[in-house]
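The first chain written gets the first letter, and so on, giving A, B, C and D; residue counts start at 1 in each chain.
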Amino acid sequence: MSEVRFGQAINRALIDAMTADPSVILLGEDVARPGGPFGVTRGLLDKFGPERVRDTPISEAAITGAAVGAAMTGLRPIVEIMFMDFVTLTMDALVNQAAKARFMFGGQSSVPMVVRMPHGGGINAGPQHSQCLEAWLAHVPGLKVVCPATVADAYSLTRAAIVDDDPVIVIEHKALYAAKGELADSPTATPIGRARIAREGRDATIVTYGAMVSVALAAAVELAQDGVEADVIDLRSLQPWDEATVLASLTRTHRLIICHEAVEAFGIGAEIAARMADVGFDELDAPIVRVGAPFMPPPFAKTLEDWYRPDAAKIVAAVKKTMS
Amino acid sequence: MGRTDPPSATSQLLELYRAMRLVREAEERLGALFADGEIPGFIHLSIGQEAVSVGVAAALQQHDTLASNHRGHGHAIAKGLDLDRFFLEILGKRDGYCRGRGGSMHVADMTVGMLGANGIVGAGLPIAVGSALAHKLRRTGHIAVVFFGDGAMAEGVLHESLNLAQLWTLPVLFVCENNGWSEFTEAARQLATDPQRMAAAYSMRALQVDGNDVVAVAAAARMAVAQIRAGEGPCLLECKTRRVRGHYEGDAQKYRDAGDIATALRNDPLVRCEVQAIAAGAPQETIDAIKAEIADRVDAAVATARSGAPPAPVDAFADVYSPTHELPS
Amino acid sequence: MSEVRFGQAINRALIDAMTADPSVILLGEDVARPGGPFGVTRGLLDKFGPERVRDTPISEAAITGAAVGAAMTGLRPIVEIMFMDFVTLTMDALVNQAAKARFMFGGQSSVPMVVRMPHGGGINAGPQHSQCLEAWLAHVPGLKVVCPATVADAYSLTRAAIVDDDPVIVIEHKALYAAKGELADSPTATPIGRARIAREGRDATIVTYGAMVSVALAAAVELAQDGVEADVIDLRSLQPWDEATVLASLTRTHRLIICHEAVEAFGIGAEIAARMADVGFDELDAPIVRVGAPFMPPPFAKTLEDWYRPDAAKIVAAVKKTMS
Amino acid sequence: MGRTDPPSATSQLLELYRAMRLVREAEERLGALFADGEIPGFIHLSIGQEAVSVGVAAALQQHDTLASNHRGHGHAIAKGLDLDRFFLEILGKRDGYCRGRGGSMHVADMTVGMLGANGIVGAGLPIAVGSALAHKLRRTGHIAVVFFGDGAMAEGVLHESLNLAQLWTLPVLFVCENNGWSEFTEAARQLATDPQRMAAAYSMRALQVDGNDVVAVAAAARMAVAQIRAGEGPCLLECKTRRVRGHYEGDAQKYRDAGDIATALRNDPLVRCEVQAIAAGAPQETIDAIKAEIADRVDAAVATARSGAPPAPVDAFADVYSPTHELPS
């Protein structure tokens, strides 16, 4: 066990995966010599050489499309998209090619590729460098989507994504890269699709993921001072997501709050709320409340961005709303 | 290692003819089946362009990979796909290549490196580039090929793909099937450039060939493939041809004047090849025998396809993701 | 009043808009000389000339991006994307440029552009030519999204989209183009954001849009035979969507079913369900049930596609589930 | 119409110098403000590249439109933006150009045709093409300009945009600011092509100029703009320059050797212009006066920006969509 940063945990996962399997390669802008825009791929070029660790041109569509072809021809490519906002340029390769290949070709070929991309705000990067667009990807049959919240999961979900035979999107919150946490000496992969109970409670269920997990935990601490014990569920995987764990929690607490940094409307939380309003309806004692960004692009100025991003106070208020 | 006599020019011609005949016969049958309402969706025929797929495929090995486009029947058949499963797929049957989930625009066969037809114009380009990267890194000795139309030249990924392939000296052959049309519009009205000038922009080797002359296509492809296989990097092969049929079956082609179609028809690559073969000494009976043999093969495949079972939804639903497997520790 | 086809109604809307405002232009693949892949733009080239009605190269990203620049420079461009599946290639122009320009530039500039695109299946066009991806666009602040179900709305929503100062996506179901219906002699635009009650009932609310409206109406007829009277709400506009109308109906019926052709998970229905599980919670007497496509790409073969697409029987079953 | 004396070469040089000085002073101040933590987010400076923005802007009129990129301060200031609102924006204040919602990467001013900096590499290209289409159709007599980097050359929209512009003979000037770097990687390691060869692929007129020589840039831009305005279609102007600072402020540039930075520094366009002006007879005092005057202007703008009020969320939220208006009947 040692304390490492979130970004380092991903770095270690990449190293371990590339050591274990020579078919794993890395493609992305500035990932090789510069070691990655956020330093996540530092040292990989030296370790694995320029054939397997490649700086690419600013050609997001082609490198993602190339990953599809490479995956169909025996490699396990990992693509880094510098900011999730640029996933706009890769949608065809992801959605019409990677996601569909296995199904569309009658199961002949799987597409074992990983696309890593940082999302989220908190660094005043403005409207085109702060978006959380994971709901788009979760809506696409054939893709898997994970989003680690802890250092341990940064490692284990990355490993799981790389070893998975299907295309997996790994969403990393850019504000988490520097966060510290414990990593086991011989960490392992974790199954995709299983949520983690980050805190146990009996009064309300808070479902969240990524950087919002620690915010929700802070809210839970605050709530506890008022005698409200919240279950905090870290989804870890958004597609597939762990319906059973959420439902089990709801069955205990009868109250559901969902929180994410993405715009609330049509976000990940909508699906969770919709499912629980169906399969969990009889367990619900109160309206399902979501906490997400308001319906506007991520703004630049500090006053605006602070207001825009969900915080513990908003989560506390949402939980209390379900208790009233 | 023993050496067999090189195949004579005549027998090579006959092989090429046979391969083109198979594509032609299969597509003519598809056209008829479509007209009869036996094929769901829509299909794009490459009739009149067979010399391109067959000529290029003549230069390929089984495990070379191929990314195709919406007009991909010829590419698939020339690459060696099984005719039964090909027809089964296009008729939407359970035992088709894609288990009836893809149809004409998605026929694929990984066992012969056919990475799939593609419904997205231009999408095959980066797929081939990535496949070539895999060949290079895995040292398979194989190459990747992509077929794309002149209309596809306008897509941004064309540029990204050519640049990447040249930059990384990848073993990929870009085959531009320049047939003059992009759906219902002359490709010339869509492009301020052409394949040769685009290749030149990246200092990429490029060849231009009469795409209705299968011998010329095969020769050019062999030369290009030899260099690519030798590690000299990508090459663009432009095959000048004409679309004979409508964009898709059922297209009345009102936008096109009769002269254009007539010109295309006059330049039939099968007729040209047949004439060449006969001039080279092939007996007419041999040609007729090939025709008959292939008509029989296609008859049989069509019969199999027609009697194929429809796919079951539950199987399709189960195949969106790979079967789950153990995680490593 | 006359009977026209859905596609003709759009054609007429385009003609009327282009006649009324010389700044309206049309861009798209095969829209000019050939009159459009589905014939929707027939005759426009002759009427308005090659400057305003333009066949474009197969460059979806650039023509959508060009529409943004043209809209910022005094035109009202209408772009046609041949199949909604190709919207993957336009996401940057739509999401990072068109949607954000007004907000991001401090309200200096609006981006009055329209992007028309057909979605949906029913013609065995397979995995890359049948998708319903509207949930992606509804998740993007700054975009509006409409989806007409009737001939009258095909006209009036198209007019409304063109006159709107913001970027509007008009989603047309390709199987509707040939459908016939009544069009007024002097049809008008309709406000974006208002739903239509397609049928009144008291027992359950079916919320739907586009081609599923007629399917839902068929289901309602069937249900009526069993004495169940369903309200059928045609959303018409998906972003913004008419929450007040849905809530008002729910307040009468206390049962909610949402139906769309898109994949159920993370689809438009998720947001509607989530909102109603919040603001409408006290009105709900039963689980909210969604009817959408299963989580797989649209398949090609008839047996598969028929099973894949929602039909009246599935809607009837869903309504009955909420009554049991 | 009366005729005034043409401005002397010296006064022209001084105008160009003044404009560059303004960009330089503003950016140096931005660098200092950033280092002091007064600027949120990140900023990309164009220090050392001022001759490009200023030289090109010298050929433009107020209502010519301009699409910029992430390194856009120079483009904005040279196009005539108000300095107060410029600094207010970058400091994230309510009265900034974008009301504090955009910051450095999104500065825009529609009143002078500045259609915005852009955080998406390559995205300005089709925007300029569309703007040029509007100019052409609306017969405004204006043109559109887009600035993009050598790194942006690899994006697919570059190809789509060049093709479209040439195909439709649009009044657009493509300015490639070729500064050798794409973030932390030499652009040469990303491109198998270059601006001249790309332009040639579309038969697009193209010029290459020393991008650190403001007189040369202005001359080339004037020539290109005159032809574009005359209806002769697009032109690509490549300005060879060097990035002096890091990719963004705070970039330690460990990937770059000292010699590269030293070379860039030695070739300062402001120093060159100053030397030229003095050689042409401008008194040193005039130069010094310009420096002082501009330092004062920037001081004042910075002071205004610092004391600006922060933006209010409620205003931002209200501005996502246009105010609703009446529908036509």
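Here is the rule we go by: contacts are C-beta pairs under 8 Å (C-beta built on N, C-alpha and C of every residue); 3 or more make two chains touch, one makes a residue touch a chain.
Just so it is clear, the model here is predicted, and its values are computed rather than measured.
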Farthest chain (mean CA position) relative to chain A: B
A-B compared against A-D, more contacting pairs: A-B
Mean-CA-position distance for chain D and chain C (Å): 40
Interchain centroid distance [CA atoms averaged], chain A/chain D, Å: 36
Centre distance in Å when chain B and chain D are each reduced to the mean of their C-alpha atoms: 46
Chain D: positions in contact with at least two other chains: 98, 100-102, 106, 118-120, 154-157, 160, 163, 167, 189-191, 316, 320
Chain C residues counted as touching two or more neighbouring chains: 56-57, 59, 61-62, 85-86, 88-89, 92, 96, 103-104, 126-128, 141-142, 295-297, 299
Chain C contact footprint on chain D (complex, rising order): 65, 67, 89, 96-102, 106, 108-110, 115-116, 118-120, 123, 125-135, 137-138, 140, 144, 156-157, 160-161, 163-164, 167-168, 316, 319-322, 325, 327-329
Touching residues on chain C, where the partner in the complex is chain B: 29-30, 33-34, 37, 55-62, 85-86, 88-89, 123-129, 294-297, 299-304, 307-308
Interfacial residue positions of chain B with respect to chain C in the complex: 40-42, 92-93, 98, 100-103, 105-106, 118-122, 151-152, 154-156, 182-185, 189-191, 255, 310-313, 316-317, 320
Partner chain D, residues of chain C touching it in the complex: 20, 23, 25, 51-52, 54, 56-57, 59, 61-75, 77, 92-93, 96-97, 101-110, 141-142, 144, 159-160, 163-166, 186, 188-191
List of chain C residues in touch with chain A within their complex: 85-89, 91-92, 94-96, 99-100, 103-104, 126-128, 133, 135-136, 138-139, 141-142, 239, 262-263, 265-271, 273-274, 276-279, 281-282, 284, 286-290, 295-297, 299
